[in-house]
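As structure tokens, here come the structures.
Two complexes are shown next, each including chain A; its partner changes from chain B in the first to chain C in the second.
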Partner chain A sequence: MNFLRQNTTTRRLVVTVSSIVALMGLTFVVPPITNSTLTRGAAIVIAILGLNFLTGWSGQVSIGHAGFMAFGAFGTAILLKHFSSLPIAATMLLATALSALAGLLVGIPATRLSGPYLAGMTLAFGAAVPPLIQNLSSLTGGPAGLQLETIPTAPSWLRSLRHDTTSLITVNAQWLAMFSLLVVGVAVMLMSNLHASRTGRAMRLVRDNDVAAELVGLNLPRTRVLAFTISAAYAGLAGSLMAFTKGSVSPQDFLVGLSITILSLMVLGGIGTISGAILGGVIYAYSDNFLSWLTNSTGIDPYSNLGSNLKTIFFGGLLIVTMLTAPRGISGLISKVFAKVRTSR
Partner chain B sequence: MSEVSTTPLLSLENVRVEFGGLVALNDVSFSVSRGEIVGLIGPNGAGKTTAFNVACGFVSPTAGNVNFPQAGKQNLRPHQLAQAGVARTLQGVGLFTHCTVLENVMAGGQRRPGGDFLTSLVGLTRGAKSEAQLRTDALEALDRLGVADFAKKLPSEIPYGISKKVSVARALINKPSLIMLDEPASGLDESELDEFAELISEMRKSMGVVLVEHNMEFVMPLVDRLVVLNFGQVIATGTATEIRSNPDVLAAYLGVDE
Partner chain C sequence: MIASIFASRILNDLLGGITAGVVIGLVALSLVLIWQSTHVLNFAQGAMAMFATYIGMTQLDHHLNYWVCALISVAAGFVLGGATERVLVRPLYGKADINPIVVMVGFLSLLEAIAAAIWSGTPRFIDPPFSSIFFQSDGAPTGLSPFALFQIIAAISVMAATALLFRFTKLGLQLRASALAPEVARLLGVRVNRLLTLGWALSTAVGAVAAVIISTGDTGLYPANMETVFIAGFIAAAIGGLESPGGALLAGVVIGVVMQFVNDYFNSGYAGFVGVILLIVSLLIRPQGLFTKNAQRRV
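Coming up: the complex of A and B.
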């Protein structure tokens, strides 16, 4: 069991696979609503992982990541419309590649910018994508978006495993949760490999001291563009997963508010960490419950101007509070507490 | 002194650098070979740092060439230096602030084989092996400089003199053929200065050394050759003894009434 003590690929694989298998086991016993919540959070975990690599690791801010998610989501829907026989995995990979390409194209000019200028550029990109989708209506279905031609439905083995009285909707919700967990597992595994590798270190070197990074042999523009490409690929995968689990895509799902939400969740969970991304996804998944409780108990009309923007306001506010009180987020707080406990022993 | 190789590692050939209308370097030529320590000195604003920056590709020469004859390369960009066997330390310390001391030294081996993107993403064994080797080498490098105890610390948690050693360890980890030291003595106390002088003398056995330095007491006994710059031009080249008695150099440093 020596390999479990060191951060090796084998350890990462064992930890990821056992966590995913355990969570998949849970999908059999939790209520269907929890499975749907899990599914909703899964895509966001992947999006945060991607943004984390760009912002937390390579030091480049993006306030337009929902734009890349839209590439993944619409890429999936359009592919399924024209090539409905394509396997789900292939569709997801192609949609991810499309988003990665968008990341590459945005990343090239972005290497010349930093700080507020880069934030402005990515914001402009994020804001431009939904109207662009709306205007390409022959391809994207315009403002209404697209319904997916095929959605993942529970295979017969899962149905036979469940009790006969379990409704098909419940089994399908469970299957979507299992499918999402699988995708999250792969995304987490690959990202933890990157973090532990020289590519991951390259990102941190470029962020910390660009002159010294060049002198150890790193090509700055290439490293920064690579960060953008990987980050956009993750956002695209998140968008694709969102499309599959929702069964439809609409330009309204990828407005700038979502970009800000993801950015807030990344900071809230803990910037630069995988555990922070997972925490962020869980918080997102349960935020709907919290916000509906808030509208119910305060009497805010959910369809009013305030009510419909409540989510963005909530996450924007949370971002500011976290930055001020716990800049390393919840995962930073947890490791601080653990460190204190360890030293006091 | 060990044997000086005949083919230079670095050779500046009639280099001219202009910033707008300002001539920062004019017709500067000098070379550095394996087995020698060359010091680049001159009053403030003489162009020493510009000469270093043009050699490293941070600044492009307006005219002339920067050659790396032993590596067979010319006018390299900064990120191409490491692969050509050239390492450089920065003024101050130039460490990566959020990386541990060990990671800072490992950064020096960033371009070793086994660190490519796909190997990293999939977590292939050859990548892990290469990382493990790099870690061992980095710890050894820190140990040789007597600072291995600080391996897990962040640069902000260690004294200045130790930071300087860490930056040298980073430069040395890939066994460069040429090392460029930018003000290695600045900010060091007496005992640290002696240690650094010994360390630099040791480097000469396996590589060429070129350094920019203000501290004359430190540089004079250390170097084999000095190149003196003033107002962007080379005003003298020679051994420390020759330079000490050179009237142009004395005038540049002390000023003369004309």
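Coming up: the complex of A and C.
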């Protein structure tokens, strides 16, 4: 088991596959509501991974990733409408490629920009996408969006594995959770390999010191555009998964608020770490539960002005406090604690 | 006959665009002020101005005069801006670019949510102090109303006052000095920290003027009412170069006019995208901004 001690591809493969298999096993025993919650968080994990790659590993900030997610989601819905015979994996890949192309086009001028300019440009991009989609109504269904022509339903082997008494809805919810876990697993695996690769190292050098990066012969603009494209591809994959698991897409799902949510979750979880992205997804998935606990225990009417905005107030405040006091987020705090334990031993 | 209707439509769009453009320019100016003094791009600028406007304009409920409420809004902007610099921004100086961006984005969503929690998300409509019916010429509307004229005059006066303050007063000189070379300014006895706070306060007050103008009339006051104009203002500031107040104003007017024509001849849904394309094209031509003199560092 020596290979498990080093950060090799084999180790990453073993860790990822075994965690995904274990989680898939869990989908059989947890209540269906937990499966739906898992599914909701899965797409967000992938979106955070994408933003993380851009922000955490190449030092560029985007406040417009919901725009790329919209490309992935609408790409999926439109492909399913016109080429319904296409296998799901092919649809997802094509939608991801569409979003990557959008990322490439936005990324090329973005290489000329630094920090705040770039963030502003992505914000302008992200805000421009939903109205654009709304107005291309013959393609996108306008403000109402599109219903997916085919939604993934549980295959017969899964149904035969469960009790006969288990309802079809329960099995379908489980299937969606398994499907999402699989996609997340592949995304995490690819990302951790990318992080350890030559490209990943180049990105980190560009982030930490762009002059040094240039001096060792890295092509700065190309590295930055590549980071943007990969990041947009991940956002597109997240959008595509979201479309499949929700069964519908609407321009209202991809407003600037979603971009801000993803940015917040990335910071809360921990910038630049895969564990942080996963934590962010879990926080997102359970934020509604947390909120109803909060309104219950404080006695705030959830439908009042305060109650309906409590979530944003809480997370907006938390984001500011995190950035001011612990900018490396939860996973940063955890590794700090571990480091202390290790040195005191 | 057709030619005259067409000419009138173009004139309408042009004047309407200029009216919207000066307000965009005002937002751009407030961004430039903060950028120049602290090198922070304030993503919460629009939200802060909106919040200040709520504080002032809800006083209309107490039967206060429009102008008094507008003045309270601007004063509230001044205080909010200064307080924000002290509490949120000061710990961030010298940190990586991403830290102030994230904090200000967090502040943006926090302010919008708090405003919705206090005053609800439904727009409240404020009667303009001047008529917003277009002037007529030969029985055709000109695209300019008394209120629009007031907007243009107010925006240009605020810009002129800011320019005069920076150019000709001792305070302005100190503000410029603390932005350009904080250490040297400090050695020469300028109280730099205080001036940075003042820079933010002034900038938010300027933003509040823009927010009061936007919230009066058709758009109405609601928590997200500055989002679109903030983005247009950022595009104007970036095209003009974040160093140049005059450039920001000019770019703001150009964007206002272009977007007005897009709205009228194509579709309002495309205006945002046209803005992004304008930004991209101008940045590809001159990344440091069309009106900035010095080139930035080249690697």
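Here is the rule we use: the second predicted complex is superposed on the first by the 322 of 345 C-alpha atoms of A that agree within 3 Å, B and C clash if a C-alpha of one lies under 4 Å from a C-alpha of the other, contacts with A are read in each partner's own complex, and residues count from 1 in each chain.
Note that contacts are C-beta pairs under 8 Å (C-beta built on N, C-alpha and C of every residue); 3 or more make two chains touch, one makes a residue touch a chain.
Please read all numbers here as calculations on a predicted model, not as lab measurements.
In the superposed model, A:Thr55 lies in contact with chain C only, and not with chain B.
In the superposed model, A:Phe83 makes contact with neither chain B nor chain C.
In the superposed pair of complexes, A:Arg198 makes contact with chain B only, with no contact to chain C. Shared-chain residue A:Phe28: touches no atom of chain B or chain C. Of the two partner chains, both chain B and chain C are touched by A:Val211. Using the contact criterion defined above for the overlaid structures, shared-chain residue A:Ile320 touches chain C, although it does not reach chain B. Look at A:Ile260: by the touch rule set out above, it reaches chain C but stays clear of chain B. Taking chain B and chain C in turn and counting the residues of chain A each one touches, the greater count comes from C.
When both complexes are overlaid on chain A, the residue A:Ile63 reaches chain C alone and has no touch with chain B. Within the superposed three-chain model, A:Trp293 lies out of touch with both chain B and chain C [touch as defined at top]. Overlaid on A, the two complexes show chain B and chain C touching the same residues of chain A, namely 211, 214, 220. Those residues of chain B that touch chain A in the shared complex are 56, 58, 78-83, 87-88, 90, 94-99, 103, 106-108, 110-111, 114-117, 119-125, 127-128, 130-131, 170. The part of chain A that touches chain B in the complex is made up of residues 8-9, 12-13, 190, 193-194, 196-202, 204-205, 207-209, 211-220, 226. On the chain A side of its complex with chain C, the touching residues are 55, 59, 61, 63, 109, 112-117, 119-121, 123-125, 127-128, 131-132, 134-135, 210-211, 214, 220, 256-257, 260, 263-264, 267, 271, 305-306, 308-310, 312-313, 315-317, 319-320, 323-324, 327. Listing the residues of chain C that touch chain A in their complex gives 40-41, 43, 88, 91-92, 95-103, 105-110, 112-114, 116-121, 227-228, 231, 234-235, 238, 242, 267-273, 275-276, 279-280, 283-284, 287, 299.
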